[in-house]
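Scroll down for the structure; my scribbles are underneath it.
Chains: A, B, C and D, in written order; residue numbering restarts at 1 for each.
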Amino acid sequence: MQWAWLIPVFCFAAAPVIVIFGKFLPTKGAFLSILAIAGGFVVFWFVFGSWLDADAATKGCFTSANTGMLSCDYERSWFNAGVIGAVGSVSLHWGILIDPLTIAMLGLVTFVALMVQIYSMAYMMGDPRFGWYFAVHSLFAASMLTLVLADNFLLLYVAWELVGICSYLLIGFWHERPAAREAAKKAFIVTRIGDVGLLVGILLIWRDVGSFSMLDAFEAVRTGAMSEGVATASAILLFLGAMGKSAQVPFHVWLPDAMEGPTPVSALIHAATMVIAGVYLVARAFPLFEAYDAVPLLIVAIVGLTTALMAATIALVSTDLKRILAYSTISHLGLMMLSLGAFGYTAAIFHLMAHGFSKALLFLGAGSVLHSTEFQETGEMGGLRKVMPLTAIVFSIGALSLGGIPVLAGFWSKDEILVAVNDNRNAAFIILTLFTALLSALYMGRAMFLVFFGELKDQNSHVHDAPLAMAIPMALLGVLALGFGFITFNWPGSFNGLGDFVFFGHAEEFHFEVWLGAVSIVLAVAAFMFAYLAYAKRSISMEATRSRFSGVLKVIENKYYFDEVYQWVVDKVVLVFSRAVAFFDRAIVNDIIVNGPADITRKFGIALRLHVTGHVYTYTLAMALGTVGLGIFVWVRSV
Amino acid sequence: MTSLSDNLHLLTPEFALAVLAFLVFAIDLFLPEDRKGYLGWVSIAGLLALIVVSLVMLWGEEESLYDGLLAVDDFALFFKVFFMGMGVFIILTSMDFVEDRLEHRGEFYGLLLFSILGMNLMAQSRELLTAYIALELLSFSLYVLAAYAKDDAKSNESALKYIIVGAVSSAILLYGVSMVYGVLGVTKFEDIAAGLAVASEVSPALWVGVGLILVGLMFKISAVPFHMWAPDVYEGAPYPVTAYLAIGSKAAAFALVLRLAAEGFVPAADRWEQWQIILAVLAALTMLLGNLVALAQKNLKRLMAYSSIGHAGFILAGIAALSLDSDLASNGVMFYLVGYSITNLVVFAALISFFNMTGKETITDLGGLADHQPFLAAALAMGLFSLAGLPIFAGFTMKFYLFTAVANEGFLWLAGLAVFSSLISLYYYLQILRQVYIEPTPASDGGGDLLEDYPALTKRTSLTLLTVLGSGMAGIIWLGIYPKPLIDAIEAASRAVMS
Amino acid sequence: MMNDFDQVALLLLILVPLAGSLMMMFMPGDQSKESWYFAIFVAGISLILSLLVFFRYDYDAGGFQFIRTYEWLPGPLDINLALGIDGISAPLVLLNGVVLFGGVLISQTITHRIRDFFVLLLALSAGVFGTFAVRDLFFLFFFYELAVLPMYLLIGVWGSSTDFGTFLRTKEYGAMKLILFLVAGSILVWIGILALYVEASDNSAATFSLQGLAQLSESGQFDETFQTWVFPLFMVGFGVLAGLWPFHTWSPDGHVAAPTAVSMLHAGVLMKLGAYGIIRVGMFLLPEGAENWMPVLISLGTVNVLYGAVSAMSQNDLKYIIGYSSVSHMGYVLMGIATLDNVGVGGAVLQMVSHGLMTALMFLLVGSVYHRTHTRDITVLNGLASRMPVNTFFFAIAGLASLGLPGLSGFIAEFMVFTGAFRTYLPLAILAVIGAALTAVYILRLLARTFMGEADERWADLTDASPMEMSVGGAFVAIIIFIGVWPAPLMRVINVGVQTIPGV
Amino acid sequence: MVDLVWFQLLSAALFVIGLYGVMARRSAVLIVMSIELMLNAVNINLIAAASHMEGTGSFANFDGQLIAIFIITVAAAEVGLALAIILRMFRNRSTVNVDEIDLMKW
């Protein structure tokens, strides 16, 4: 288990090698990247295995007093700020913390990243910056893996930022396109705003606890050494960071634009890296959130629900395939947050994974579509199942899973969330959550039927299905999206369900609220039926509805005007302010405060020189006056 | 009681210098016009020989001659060597100029030698009348030298202004002497000190007397408000004379002031404390006004005049900081004088060299100099940086030393003001360097550039000026990096007057 | 053998560039390439010396090492060339060695009065080495001024004037402003030094030796009133060179006018002299004064951070952006110093090194771009990435280091500064963190405008960085990454240095 | 014997008149003459002071007379020099009016 650090290091090592030597290697070094992540995936299984074998007596392992899970912590000194042992010095460490949460995340990240990379081999073939793409991909995966392994907040922040920069590089991969350029910038800066909160939160915790170690912080919360104020404040600040990364309202604006990157990148960002980091952070720092009165969790729940609802409505009216998927991601991230906010720790992680596999699948499928049709608008598609059956099948699996159709992974995880919300939050929450679930099924159905069902357009008749390198990952992910949900059950004798593996406080049994399950099934099925009728069969016309709700629609189609408001703030406030400061610097500080005295001195000199008149009698007069003046000076002083 | 002629041999350098000067005048009568340049070399050889003689003969002597009128001590020796050395370099600097632009070349060197004699005596005199005579010997030579370009109206004007203001200041000085004499009945420095120290309440007449003596001397060092002659005289006088005024006459005046203050005023500690503040105020005014007005100058010589007024303010601050407790201030003053003289010598040598080539003397004419005459430009840069007080040049160490001394005597505000004035001076020094290094060669009246009008600009600097520049630059850097040998000599000199 | 070296190491460190500069004055041929080769040679030796000094500094022993005192002017002034470096100056010496060597290497683009350029550049670096290596107030000031003085000519002669439409910035203006500002700052320093001497002298222990003065300070000879009025002299005086707001405007204007190598040394090393001075003189000798003034310094530092960042956001000239970013980043240094916390001050020192490297790298790259495109206007430049991928990559690294990306040196430094500030001045520390986020805005704007986007056809013939620029830039990038990933070797040295500061 | 104060007052008056002359006169020659007046004031002061010195005889301290003689000599030389310069001035500029002698100023 001590060797878990190898998982990210493989990928870290691959990146510079590809950048520097990529030109001389076959496939421009892409194979190295895949090898590295595959290596990571293999090591993951060893780590998993050794965790299963471990108990509290194993070196570095203990049963966490906070979570109750068996955790293993290994650290190594990074550097010291201040001489070791001196008052006020700070020791910083590389450290890994392995507990079921980490293991779950490791599995998800390594697997999805591996799939996406294999897929990319085919998808990105022929791009001039093929090698660079894989190098950044490696770095991306490595950063994300470090993030989930980190045992202290500092290392987490390091990885957090690296994830951010990698997403910047990948979103802006086709930087020649202005849209990509701007999207990358937007992604980085918006998440960076959240990061301020994260960093301040981390430092606040450190200020109170005196250590960056998460375990120390949690311990302090548990024993009450950390006051309620600090705990609440820092939890909220951490959540700010999570909001940025996980695209929660109002920081969600970057995610839809991030579609400008290559589609496999979107798959990676949406499924296994970047956006789930926020959810992971809240889960990881859960002791802080739920301490005292758990005020932060209420905030998390509200933000999560708002996000889920708002994004779902937008997804419903988007016509761009990737955008639908993007808003769907935002919506589901909101659900995960909501789940966490409703104490549904296990449910959130479960949904995170289920969603991860499904969304990766959807994006890869969408990528396959875009790759061969070169369209992004759903209006240009339709009936594609006839020309690309495999893609159609896997996409449908993903869509159904996220839509919440039973036995698929998404159904089970969503159900867990509903249970958690029902148990811990009031009726308004559960109603809105169910409504979100309905919307979710509706837009998934809409996307699926619009793209793959209905009439095949002539322009798409030449379209072919995905090549092997793209097909295999899709197929593998499809299997997971289908069957992953079953790990939530008790399998007597071998596995007691996810609730027994990842949990907070105490292990949970799988349980199923019948009325809730029934309602959600009904809603989901109804939604898909409706979508089929409306978008595949076209037997229900949407025009009437559209015109009736045109006002609301306009707001939704404009994404609630978030972009416009931000744009206005940037143009009219930030930039104007910056120009004002720059002008102040030049006109006031420089021209008046700096040049002013200089000019005055020079002018003073110019004026003063006139005292030398050129007439010799002035000179003697000055001498005489000077003498008298000296006399007066002496006299005044002596009096 | 020793006879008046007992130790007469100790004055050998002065006698020899007088003889040398007369010799130069005499030979001048017989030399054909084209060989009069030899006289310069004769003077140089004589001065060098006298430096050696002085060093060998007078090393460590501590005597008082003529019943205490003249001192033969380390202080006098130091300045003697310094003045004669400066004389050598001034002659070297002026040779080309005199050759090309002046008549009566022989007398030029003779007068120069007389003025050096006057300076030597100023550093030696310990009595007011003797000091006055020595001062006039120097001044008269300078009046004539200032008027040396006799067909140049500016030269005439400068000499006229100089002599009128100079004579008035002499009269004031003498009036002060008469007052002091009237009250105390003595004129020797040490007796004055004794008289000042004894009197419980100094009579107003004595106050006036001492004050007027100070005024007379302040004129010589061009302290504000007795400075107005300086810019006009500097501007009008022939270039080498300007250099000499800035270097020699100022140093000699300070040598006299230093000895007078050290032997005549400082020992009367209570009085001195009262006068210190007066001198400090004068110093403050001088450094500020000199540097401020220099900002507005366009003529190089005039600018250097104001610059030298500013520097006089710095040195005056050092005089104000003299005290019985420590030699720091007198060391600082002497160090500053030496460093300032060497630096100014380099600057003037470079400017004279440029003037010899073009006959131009405004700042803008220097444009593009670095392209035609990199060596001159470098020398100028070094000199000006040194004047501005930047390391690794003499200016930095000497300012640091002097200002430390000033601050240490309790005049931190004055030291601060001095440092601030240095900043102002940096601006106008850099304006010169800007022309030299950054601006292009200016267009001439004929439309071409200066180079076409003055092909001499591309010629090499003459060997004599090169010697001056080379040794001056070496001196600047030497004093800037390792001034200890000089400081050792200065400490010995200052012990002679301060103890 | 190595012990002998230790005896003279610091003297050599100062003398090699100084002697090189003086020797070069007398080399024939102002326009010849030989001057460049010779300068490379001298800078190379300096680099080796600084490497040796840094790596032979024994951080276990700590304190001042390579101590050597040469008698210079004993007696009442007690000025001696006392040499020695501690954990604070050792990294800075190394930084200067690296930046100087890099700056000289890429200066082959200087074609006008080559010799004079290197004469001045080497003199400047001798001053920098000297400032870091001496333990005497006189010599500290001596070398400090020496480092400043060549700037006027370096900018004035080899710089460039730029017309910004609404206003004009000539090189003469930039150069004059720079030097007047810096010398004005040193006036305050000078007065402070005099005050220290006088105070020591009044306690009948007249000396300029830093060690001697520190002992006086320790034994309580400088009372609090004295410390409180003298410290601001040093704080503002040295602060001017560190770009302390509102005395910062010389810096962006100076950068805009300066040639590449000069900008590198100027922003990379010279500005650090100011911060170093505050630590070495202000904090070591006047700890109580420092304590009383720190709230002011940290506030100004915070203003620096935010003001610099906000100003940089709307600039269109590459050098202005980087110039203002220097103002902003030096704010972290000042903040770190002002925390009086061993982590914060350590962060400040590390930030000096880190900022020195990354800003030097940025100026190198701007120089490279400007040399090829003849413009620095980011509204004109576009899509350079496809023409100069290596430059782009380096610039991205430097920019990311500057916005505090983990894994690069800037993060560690800024993080430590924040840490220190969090412990002492929480509200300001939060503002500083926000400042770090603002950095991202202008850096990404710069990267996006300049390097990303469709390559203009005007740039069709552009070449990438020259091999020389590539190797220098690569070395800088490598160091930046190295420090970012594994700062321990550097921090060990800095820690022992910071530990000795009284009051920390 | 007349009290010393009267001599000193006479001397002071003479000195100030001379100084006034230097400032008020526009002819260089007259300025030089005024300077002579100032120097003579000094001489009166010196000789009077010397004759009033306390001591064994009436000429116990004759330094004052000595100085006066020196001053007379030097003054003579000074006048000669000044007149020579004024002469050159007149040759070159045809004027000795100091109002017009201001080629150099500021």
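Heads up, the rule we're going with is that contacts are C-beta pairs under 8 Å (C-beta built on N, C-alpha and C of every residue); 3 or more make two chains touch, one makes a residue touch a chain.
Just so we're clear, the structure is a prediction, and the values are computed from it rather than from any experiment.
Among the remaining chains, those touching chain A and also chain D are B. Taking B-C and B-D together, the chain pair joined by more C-beta contacts is B-D. For the pair chain B and chain C, the distance between C-alpha centroids works out to 41 Å. Chain C and chain D have CA centres that are 64 Å apart. Centre to centre, using the average C-alpha position, chain B and chain D are separated by 26 Å. With centres defined as mean CA coordinates, chain C is found 37 Å away from chain A. In chain D, the positions touching at least two other chains are 19, 22, 31, 98, 101, 103-106. Shared contact sites, meaning residues of chain B that touch two or more other chains, fall at 160-161, 164, 168, 172, 231-232, 296, 427.
The set of chain C residues touching two or more other chains comprises 180. Pairwise, the chains that make contact are A-B, A-C, A-D, B-C, B-D. By the touch criterion stated above, chain D contacts chain A in their complex at residues 19, 22-26, 31, 98-99, 101-106. Those residues of chain B that touch chain A in the shared complex are 160-161, 164-165, 168-169, 172, 207-208, 211-212, 214-215, 219, 224-226, 228-229, 231-232, 274, 277-278, 281-282, 289, 292-297, 424, 427.
By the touch criterion given at the top, residues 18, 25, 30, 72-73, 75-77, 113, 116, 123, 127, 138, 141-143, 145-146, 148-149, 152-153, 156-157, 171-172, 176, 179-180, 183-184, 187, 190-191, 194-195, 197-198, 201, 206 of chain C touch chain B in their complex.
Interface residues of chain C, counted against chain A in their complex, comprise 167, 177, 180-181, 246, 249, 253, 307, 310-311, 313-315, 341-343, 346-347, 383, 385-386, 400, 404-407, 411-412, 415-416, 418-419, 422-423, 426, 429-430, 433-434, 436-437, 440-441, 444-445, 448, 451-455, 486-488, 491-492, 495-496, 498-499. Contact residues of chain B toward chain D in the complex are 129, 132-133, 136, 140, 143-144, 147, 150-154, 156-161, 163-164, 167-168, 170-172, 174-175, 177-179, 181-182, 185-187, 205, 231-232, 235-236, 296, 302.
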